[in-house]
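Here chain A shows up in two complexes: once beside chain B, once beside chain C.
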Partner chain A sequence: MKIGYFPGCSLHGTAPEYEASLKLVAKAADIELVEIEDWNCCGATAAHSMNRMLSIALPARNLAIAEKMGLEEVVVPCAACYSRLLFALNEFKLDEKVRMNLQPIIETEFKGNIKILNVLDFLEKYVMDALKNKVDDKFKKKAACYYGCLLVRPPKLTNSERWDDPLRMEAILKKIGIDSIDWSFKTECCGAGLSIARTDIVGKLSGKIIEDAKDRGADMIVTACPMCQSNLDMRRGAINNYLKKDNNIPAIFITQLIGLAFGYSEKDMQFDKLFVPISFSNNNFSNNNDNLKMQKSKVKEVKV
Partner chain B sequence: MQNNMTEIAENPSKDTYYSNDLQKWGAEIKNKDISLKELVFNETGEKVSLCYQCGKCTAGCPLSDEMDIAPNTILRLLQIGSKEYDRKVLSSYTIWVCLSCETCMARCPKEVDLPAITDFLRSESIRRHLANRKANNIINFHKAFLHSIRGSGRLYEFGLVIGYKLRAKNLFQDVLLAPSMITHGKLKFIPAKVKNSSQIKEIFQKTINNNRGGK
Partner chain C sequence: MARIGVFICHCGENIASTVDCGKVAEISSKIPGVVFSTDYKYMCSDPGQTLIKDAIKKYKLTGVVVGACSPRMHEPTFRKVVASEGINPFFCEMANIREHCSWVHPKGEETTQKAADTIRILVEKVRNNEPLYPIKVPVTKRALVIGGGIAGIQASLDIANAGNEVILIEKEPSIGGHMAQLSETFPTLDCSQCILTPRMVEVAQHPNITLMSYSEVESLEGFIGNFKATIRKKARFINEELCNGCGDCTLKCPIKKIPDEFNAEMGKRPAIYVPFPQAVPNKPVIDKDNCTHFKNGKCQFCKTNCSAGAIDFDQQDQLITVDVGAIVVATGFTIKGTDFFPEYGYGKYKDVVTGLQFERLLSSSGPTLGEVRRPSDGKVPKKVVFIACAGSRDPAKGIEYCSKICCMYTAKHAMLYKHKVPDGEADIFYMDIRAGGKNYEEFVRRAVEEDDVNYIRGRVSKVYEKNGKLIVRGVDTLLNSTPVEIEADMVVLATASVAHSDAESLAQKLHISYDSYNFFSEAHPKLRPVETNTAGITLAGACQAPKDIPESVAQASAAASKTIALFSQDLLTREPIIAVSNKSTCVGCFLCQSVCPYLAIEREEIKDRNGNIIKTVASINSGLCQGCGTCVAFCRSKSIDLQGYTNNQVFSEVSALFERSEEYV
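Up next is the complex of A and B:
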């Protein structure tokens, strides 16, 4: 079965492990992901901060191309892209002015007959059934499922039922034998768009998330958004600065875990791309201090 | 005393206390200078008058402690609608530090779309050259980001960071993260490009240069 696929800039840039794991998971579930031809950036926070019509036209061009390719559904793994594409589609359907003005701007015909799936929609709809009997003892770890903002909010756009306390990731992980903790920060913001301009804010917001996950006994944070993952994983410097202590709880993509359950190796799932190391091999769940020290010395070597 | 009151009621300009304000108000109407809240309504369709100041937006906002004006106060200032307060809103740091996490909107009992209002206030604040100086870095980042996609259609992280640093004149922040990003294969040196990049430039031309930023 073929489904449209909009990678977005992150999956081709800072989150290659997310794309690799998603593609292999789709393959294991017998789904072919067809990349939207010549797709462009959705505009993210910058576009909607500066100009509303721009923030509609950029995603709409991608949707129009997908429609032209005959795709009925598009899976958008990045939560930020997902939100922008969904926003553009929604405005196109509801706002007559947008419908009238869009055509000459994107120069492509667009009817608005396309369905947008986020990664959780995709996993629930096409992968869940293939996950029967995939419970594995090596996964006997506690996960903190982190949704962030844009997978669940604004509720009137995403139609999420439990936007303040979603349980969808927990249900998917249960299928492969991972138990999840109950915690308070699953839909708090990680600081996303301010990652470069105000890194200290990212340190504070992501630091609170990591601290709560750790305090409640989680062994790892599971994410479904490349922005959240990169802030929680790569911004450890700013985070540890805020928390005034080192934290080694890893942040991993949900697709990487599901890929392991399908029998792929950690190398296939590109575990080496994660800054904070994690491994399930030989029943030896290691994200301990030795690994952290090793990683630090690795960074030092590169600097020299 | 009573005579005096009815006189004022019939002819407000005789009331020395209010007359100045009324005259100013009249002048504003004459200049067709509409208040910011009306502009917000025209451009986003959001009615700030719906807000009854319960404060849930501020309570849920992850960054209210970083803001100079609390989110509910932004709405209150817009409701009052004086020139002074409109200016205060447009030159606030709040509108720039907002992360658009949408928590305020999700929790608002009156469903006021504060993130949409904030988006419009940002573009209006730039249009009127009132953007808060403290927000320069954030604005520079947005500009560098848009510049990057305007050129190639897709975001080029390395180019974005260089562009931002040149704008922000802050070349040394974050250099320590770059080497480990390279060893983890997360930073590329060749930008990905949309084939039809002239179409992306057209989209920019037809949107950014052609409207006020709202609806």
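Up next is the complex of A and C:
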């Protein structure tokens, strides 16, 4: 079965492990992800605060191409891309003016029949069933499921229930034997787009998330957004500065865990791309300080 | 042959500034049947009325058309004038040439023409009018009061003290309502139970009041003065005649850990219980769902320990039908629980409580005997954060209205907390302080100035737990929107006041209207704030909208006075603007019955001399019919007509409008 795939800049840039793991997970579930041809920027962060029509046309072009390729659904693993594509599709459906003016801008016909899936939608719809009997003792770890802002909000757009305290990742992880903690920071802001301009703010916001997850006994933070993951993983310098102590709790993509459950190796899942190391091999869950020290030089490199 | 007089009013400048009233009178004089036509500056004034009376005498008028303001203003005035001259008042019609003409059109010939046309069609109507006579219906001088909170108690006492019978029903085991749960009341800080319980006892002992606790309305039929209510008296499994209220049974019950409704689930109660020590009636009730005997038949501790032999496990619900003439609805309100707030943890933090729960912690009859101790570990909280407008005034939560009582009770809570824990700190997050009421603003100032309550203007985005503390994250909008984080021991949410979950079904049983929030609707928001649109049913207290105690009591007394006024008559007089059915043409399809919003259409069997049923036809109950005309529109055989607005009358008006000849211009 073929499903469309919109990687966005992150999955081709800072989050190759997300792309690799997602593709292998899809393969394990007998799904071929077809990348949208000649895709362009979704317009995240900048376009919608500058020009409404631009913020609709950029994502709509991608959707129109996907439609043209004969795809009925498209997976959008980045939460920011997901939000922008969903917004554009919604505006297209609701606003007649948008429908009338869009075509000359994107120079393609767009019907608006395509369905947009975020990574959780995708996993629930196509992968959950394949996860039967995948409970593995090596996963007996506590996860802090972190959703960030755009995966569940705004609820009017995403149709989420319990957008302040979602439980979807928890349900998926339960399938492979990972229990999750109950915590209050699931949908807090990680600092997102301020990653480069104001690393100190990211340090503070992500720091609070990391601190709470650790205080509540989580062994790892599980994410489904490349922005969240990069802030929580890569900005440890700023985070540790804010918290005034070193923190070794790893932040990992949900698809990397699912991939392991399907029997792929940690190398396949590109665990080496994570700044804060994590390993489930030989039932030797390690995110210990020795490893962290090894990685510290790396952390310092990216500290702004 | 009709002899009709036309009287055009200038209404000072209101009509005369855009309509040429003299010309309208002149045109009207040409209509066949009009024998007199004139205009005058104020027709409703004394000289204006005399002018009409004199004309009726002089020209022997049989009908009158007054071209003036809306009939809602002065129709009764002019009909009285006509009646005083011996003409049936329904031969007087008003043509609205003010709201429908002079106020909404510019000065000009067309406006004058429209006024003249309006007069002409009303003349046609009067020509087709028939004499109508007011309808008299008898009154049952017994009131049903639904709800035994302070509003229902007050209404019952007022109606009973005027010498009328009252049946007071309450769905809980005891009367008292929310007021019985309160510790102290604002703005005087007098003890709520101390002022309420004497009233409760008065209800119990009043010779005119029949109290039915643990009872609910099952159904209601009938109309003003003649209601028939069926009441479900729920089985409490206690023979109330035999029970002497000793309370031994409640002590012996082995089940003791059921969340106590009276204590807003902050305390525990047994399966057989009296809700609170001052309960009226002071008779226990068995909670069937939690009683071991009803679960597996193994326990009868209460029965063996009852010296009066009052426990009756075989008791059944009883349906009791009563005749009443008027109904006061005083079913009150409820509040949203903490689980309504995802941002404050969906109710998972034990130390985040509602205002009502905090009230129980403050109350000397509460689970902590009046000491402020937090639910999680029983410690005295040293920092309490109060969040006003929790849910209220929040379109995102679907509750756009102001719950009205929260500003005041939150100030009271903070104040009482400071009195009980002098070294504690109280912070209140608020949107606005709405302290409109006698001595209310002074009360809030007292909280700020004398009791050092810290008011922070801003909303709270999140409450979460960290190291045993509740972190309240909000914003201070008076300090340039500075983010605020407070480590609190306890958080009190002033959650929104909402209608009961069964309010909608009750409204449908009573055939009264309700708004989108399921609060019951008054007949007019300003001028008829107590009555409903259904004659004979009045509202009291917070079932209409959030209200505090003084307002509820005032409205209860108002509802009682409406009821007493109704009971002061032996026969009721109603306007005869109702539907009538023609029983010889009615085919008995009963489409009318299914569309009648007032259930006023009954089936009537027509029998021959031998008593055999010839046919069944629609018969309209003149007491119930409100004259809406829905049945008239639905009747397929044109067998129903609305008196005063018959099809014939309306059609004659319409055809008159289209038969304008030269002389009427």
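Quick note on the criterion: the second predicted complex is superposed on the first by the 296 of 304 C-alpha atoms of A that agree within 3 Å, B and C clash if a C-alpha of one lies under 4 Å from a C-alpha of the other, contacts with A are read in each partner's own complex, and residues count from 1 in each chain.
As a convention for this text, a contact is a pair of C-beta atoms (placed from the backbone, for glycine too) under 8 Å apart; a residue touches a chain by one contact, two chains touch by 3 or more.
Predicted model only: the values in this text are computed from it and were never measured.
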| item | value |
| --- | --- |
| Chain B versus chain C as contact partner of A:S184, first or second or both or neither | second |
| Which superposed partner A:G263 touches (first chain B, second chain C, both, neither) | neither |
| Which superposed partner A:L194 touches (first chain B, second chain C, both, neither) | first |
| Touched partner set for A:D215, first chain B, second chain C, both or neither | second |
| Touching partner for A:M50 - first (chain B), second (chain C), both, neither | first |
| If touched residues of chain A are counted for chain B and for chain C, the larger one | B |
| Which of chain B and chain C A:W163 touches, first, second, both or neither | both |
| Footprint overlap on chain A, where chain B in one structure and chain C in the other make contact | 163-164 |
| Contact footprint of chain A on chain B as seen in their complex | 43-44, 62-63, 66, 97, 99-103, 105-106, 111, 113, 115, 119-120, 122-123, 126, 137-138, 140-143, 145-146, 149, 153-157, 161, 164, 168, 173-174, 176-177, 179-188, 192, 194-196, 199-200, 202-204, 206-208, 210-211, 213-215 |
| Residues of chain C defined as touching chain A within the complex | 342-343, 345-346, 348, 462, 464-467 |
| In the complex, chain A residues that touch chain C | 162-165, 182-185, 212, 215 |
| Chain A - residues contacting chain B, complex | 9, 12-16, 38-41, 43-54, 57-58, 61, 95, 97, 104-107, 149-150, 153-156, 163-164, 188-189, 191-194, 196-199, 201, 205, 230, 234, 237, 272-275, 298-299, 302-303 |
